[in-house]
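In the part that follows, the structures are each spelled out as structure tokens.
Each of the two complexes below includes chain A, the first together with chain B, the second together with chain C.
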Partner chain A sequence: MSSIDQMSVKVTAIEQVAPMIKAFTLQPLEGQLTPFSAGAHVVVEMGEGEQRYRNAYSLMSNPNDNRQYQIAVRLQEASRGGSIYMHEQVAVGDELKISPPANLFAPAWKANKHVLFAGGVGITPFLSYVPVMQQREAEFELHYMYRSQQTGAYSAELTEQLGDACRCYDADQGSRCDIAAVMADQPLGTHFYICGPESLIEAVRATADELGIPAGAIHWEEFAGAKPGQPFKVELSRSGVELAVAADTSLLEALEAADIDIQHLCRAGVCGQCVCDVTEGEIEHRDSYLSDAEKQSGKQMMPCVSRAAGERLVLDI
Partner chain B sequence: MQTEQVNGVASKPVYTPVELNPKSRFHLFIAEQDVPVELQSLYDRCQEDKAVAAYASASDAQLLESLVTFPLTGTLYLAGTEPFLWRVASHAREAGLCSDQVRLLAPISRERHLFCCHCHTITEGVTYSPYACSGCGAMLEVTDHFSRLHGAYFSFQANAEDSTDMPEKREVN
Partner chain C sequence: MRVAPKEIQSFRDDFTYTNSAAAIERFPFPFPEDEYRYSVNIEAHQPKGGEGSAFEHYIDVDEHYLSEMAERELVLDDMPSRCLAMPHMELACWDMLERFMVSLAEDYPEHFALTRDGDNWHWENKLLHIDDHFTFGDSTTLPRPPLDYIGRQVQGDFALMDQREGNLFMDAGMVTCPADWSLAFDAGMSFDEWHGPVPMVHSEGIIERARKYLMALPVGQPVRRLNWTLTVNARMDTSSEKYNEWGHERASITPENVGEKIYLRVEVQVLDRMPRSNAVTISIRTYLLSLEDLVTNKAWAVRMHRTMKTLPQALIDYKGLTRFHGMVVDYLSQFDPAN
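This part shows the complex of A and B:
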């Protein structure tokens, strides 16, 4: 179980907001939900018994509204099952367990201007930014890239609500965002935010580097969680327990399935909460938390996304 | 900015050698009084759009003015005493510069500004500890806890249990 208290919520509405995206409205079984800050996410626990998933989803509802949370889930057919479960198994009236909100993608409020790049379902954290930025009268522009045959939720509403501050680029209509043109000539104090696939994050970071925009002005959130890999065995030296980690299970999930309590927040290799000490075995590092030197030392790993490079790992747990 | 841990204290700034930022499209060099050799050498090597300013005694208005047209793709280089470096860095932060856009040369003197936690006065030109507060007169123990906002080191009444028994005077660097 998670070391952070989970809360139970009821699914009160499910809406197909794009061909591949469903939006879920979650309400508390009793009382009120805790307020959250723009850019926060929750970890949703799904499934029962052997087949359990925990995926992080950005809260896209208004942060000032503590009656309900909303999340959006893109169906990832090649994924390890969490999004398929949400799309196929979860119905209105069902109860789900979620973590309290945590935020690893808050706006830099000192910025003079905010430029938001969303790719597909990566629009979700920005939906919670928008009402707060409007309330604070912050200057911002949203560049929303999607494929209307798959994603593109809320593009009409955003365009209507934000006018020129929202630019939509539908790749299925041949519309592309010229990232360099957007980033060039922005005023001092502009900060840039990216949520979307890795390719979009890389493209924006590379453009910033080329233009001479400081790295400190670039913020991103990857929505990709653990990706499958080769199966391996893990030995826990303190308890003597040995576990098998299947190809489509993350090490963190395997530990949790064995009732081993590991702190976590993002489950995406970003926050650093779940770091584990490794005493034996080669690691395939997939996180963006550990420094290059720490990765090379081979003494620590992030079990939420990283795996064994060989057949076996020994953890100091 | 430079925040390596020194002597177990995380907040005392560490000044590493400054290089030109090869990615920047504009470079601004500001010196507190005379332009030191290191800053001049960076300026001379800079091939890009550049400007240099040296202030005998810069007012806040002058410093802010120099940042008005500063671009998002620029880098700022500062030379002078430690309080000056961080005063300008504070203005730069207010103007919207990221910390990686501001490069500080090692301070030209080891004199510290001291922030008194009792009366909040900042005492200038401090080179040893304990040191009399220019505000309340308390003999202050000088620490290595540095405030980037105030450009000053935190200090408190030395040997508060018995302030008639002062610790031996020591140089701070």
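This part shows the complex of A and C:
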């Protein structure tokens, strides 16, 4: 997604929906927004110059509503700044730029049943699943794990709306989800969806393995991607430009800060849009897009999440 | 100059199909260079070529509109299975209907009108004398299911691909004018599976790259590519199902009739992400131009000769040109001064 494809939106409401989570309502400056599909996200660009951030957020409003989009942002104290900026700097009336919706976490509509596991702010994509699943009369159940002192947004509404189809587990009240029991008890043809921390994704995948549930029936979306690492230098062979990538900056962000426009959709190593050709240097691959063979060849990398394994990389840009 | 729909001509039996001078001028000639090369050749589906061009609008309505819609009715009456939609594709079909109605009404207000009040929609197609009120999303309020309904009003074939399991699956479509393939045969196949028979592309990783590209196609940014083959007679329905009716016509080509009977068949393929369902729609719009008409454009005649002459044997065989390819090259050579 290059910057020309972005849309300008205005923040029309901000709501504190949990101790650590704020919900933002976004309306277009002109025209209408496009309807979107359940599980879609947008990349929000905020701030400018040194303080410019781009983060991917799931759309959690009703997908059929093209008057406004809603996203929820969990404050990540240890984050690289985007969520802090959203929580502290963005006010009602401010303008933001967003990408068109893209979807890397769509429901598998051929499934006989859908079981959704949400961890904390990972509830957001499932909020867009629910109205569509109800409209399509799909069978589903939602298992929502959170800490009420931090997260847990919309748990009361969901319980009221969905009844038995929604189970809430508040870790701050000592309530835990028995993932193995939930998964063992499902009919053949059930698909499982996870949005939450890596530990939750791993737990569900490991359980599926033990129970003999096919890998193709497990779908997950990790919280947006880039994790810090060692600082390194990158040289762009076509332009001769050399950049320093700080420990808490992604390579993609460093390129963007130098006004190098790179296509992207997910910024989490999934969509493959930002792939770069590498001519020198060892790569620490952290994406789930490139095949093992491609990773071993050392000729390509995904700059949104992957980094140099050494001190220097040369990119064919 | 824009071309207006003209009276109905036939794509079978007596083959009364003709191209006007204006239609020849706007024909989407597909070869960008003298030597034929395989490429993914995808570009943004943006207006190109100005007023009257085949790329002026999202959907091109041209002088053959009524003829192609009449031909489609004949095919569907004979074989209703040329239109199919698996149950999970319902929303994708509505997506396509919305995209097509909105763009037709915007681009051709003299022919089409769409009025929307929430989910209460009113659609008018003045060319086909259709005037219907319906509830968007409720198939019981349309005379036919949504894909069947809108597909009979838009030129070209359509396939809708469901995106799941890291691939794209052909799970719905209306295909009445294919270049030797069958929707019923390909239905439910993955992108890789239905491209299985294409020669030369597998070792080069072209199919995998194209699939990954399409899976990341953003909403609102359709892309197009051109494909081509040669067809004997102005026959739209060269489907696998009807091979018994057209396959033997390839043996009817002689040096005397090659210019009249061989048509360059160009497909403008538009790929578009559907917002509500996340499906990818592929529209395959077919244009037919006889070699006789083609060589009235001197630059095209030269280019066509050189491209046909350098075509790899594997492609000649795959495209079904083996029996008459030599005659095509000989016929075209008289228009190439380099010979």
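Keep in mind that, in the parts below, the second predicted complex is superposed on the first by the 313 of 317 C-alpha atoms of A that agree within 3 Å, B and C clash if a C-alpha of one lies under 4 Å from a C-alpha of the other, contacts with A are read in each partner's own complex, and residues count from 1 in each chain.
We adopt the following convention: a residue touches a chain if its C-beta (ideal position, glycine included) is under 8 Å from a C-beta of that chain, and two chains touch if they have at least 3 such contacts.
Values in this document were obtained by computation on a predicted structure and should not be read as measured data.
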item	value
When chain B and chain C are modelled together on chain A, clash or fit	clash
Partner chain(s) touched by A:174 [first = chain B, second = chain C, both, neither]	neither
Dominant contact partner of chain A by residue count, chain C or chain B	C
Touched partner set for A:112, first chain B, second chain C, both or neither	first
Chain B versus chain C as contact partner of A:93, first or second or both or neither	neither
Partner chain in contact with A:209 - chain B first, chain C second, else both or neither	first
Contacts of A:64 with chain B and chain C, given as first, second, both or neither	second
Touched partner set for A:189, first chain B, second chain C, both or neither	first
Chain B versus chain C as contact partner of A:36, first or second or both or neither	second
Residues on chain A lying within both footprints (that of chain B and that of chain C)	110, 216
Chain B residues touching chain A - in the complex, by the definition given at the top	21, 23-25, 67, 70-74, 93, 95-101
Chain B partner contacts - residues on chain A that touch it in the complex	110-112, 186-190, 209-217
Residue numbers on chain A that touch chain C, as the complex places them	1, 5, 34-37, 39-40, 63-64, 99-103, 106, 108-110, 136, 216, 265, 271-273
Touching residues on chain C, where the partner in the complex is chain A	88, 91, 162-165, 212, 216, 218-221, 274-278
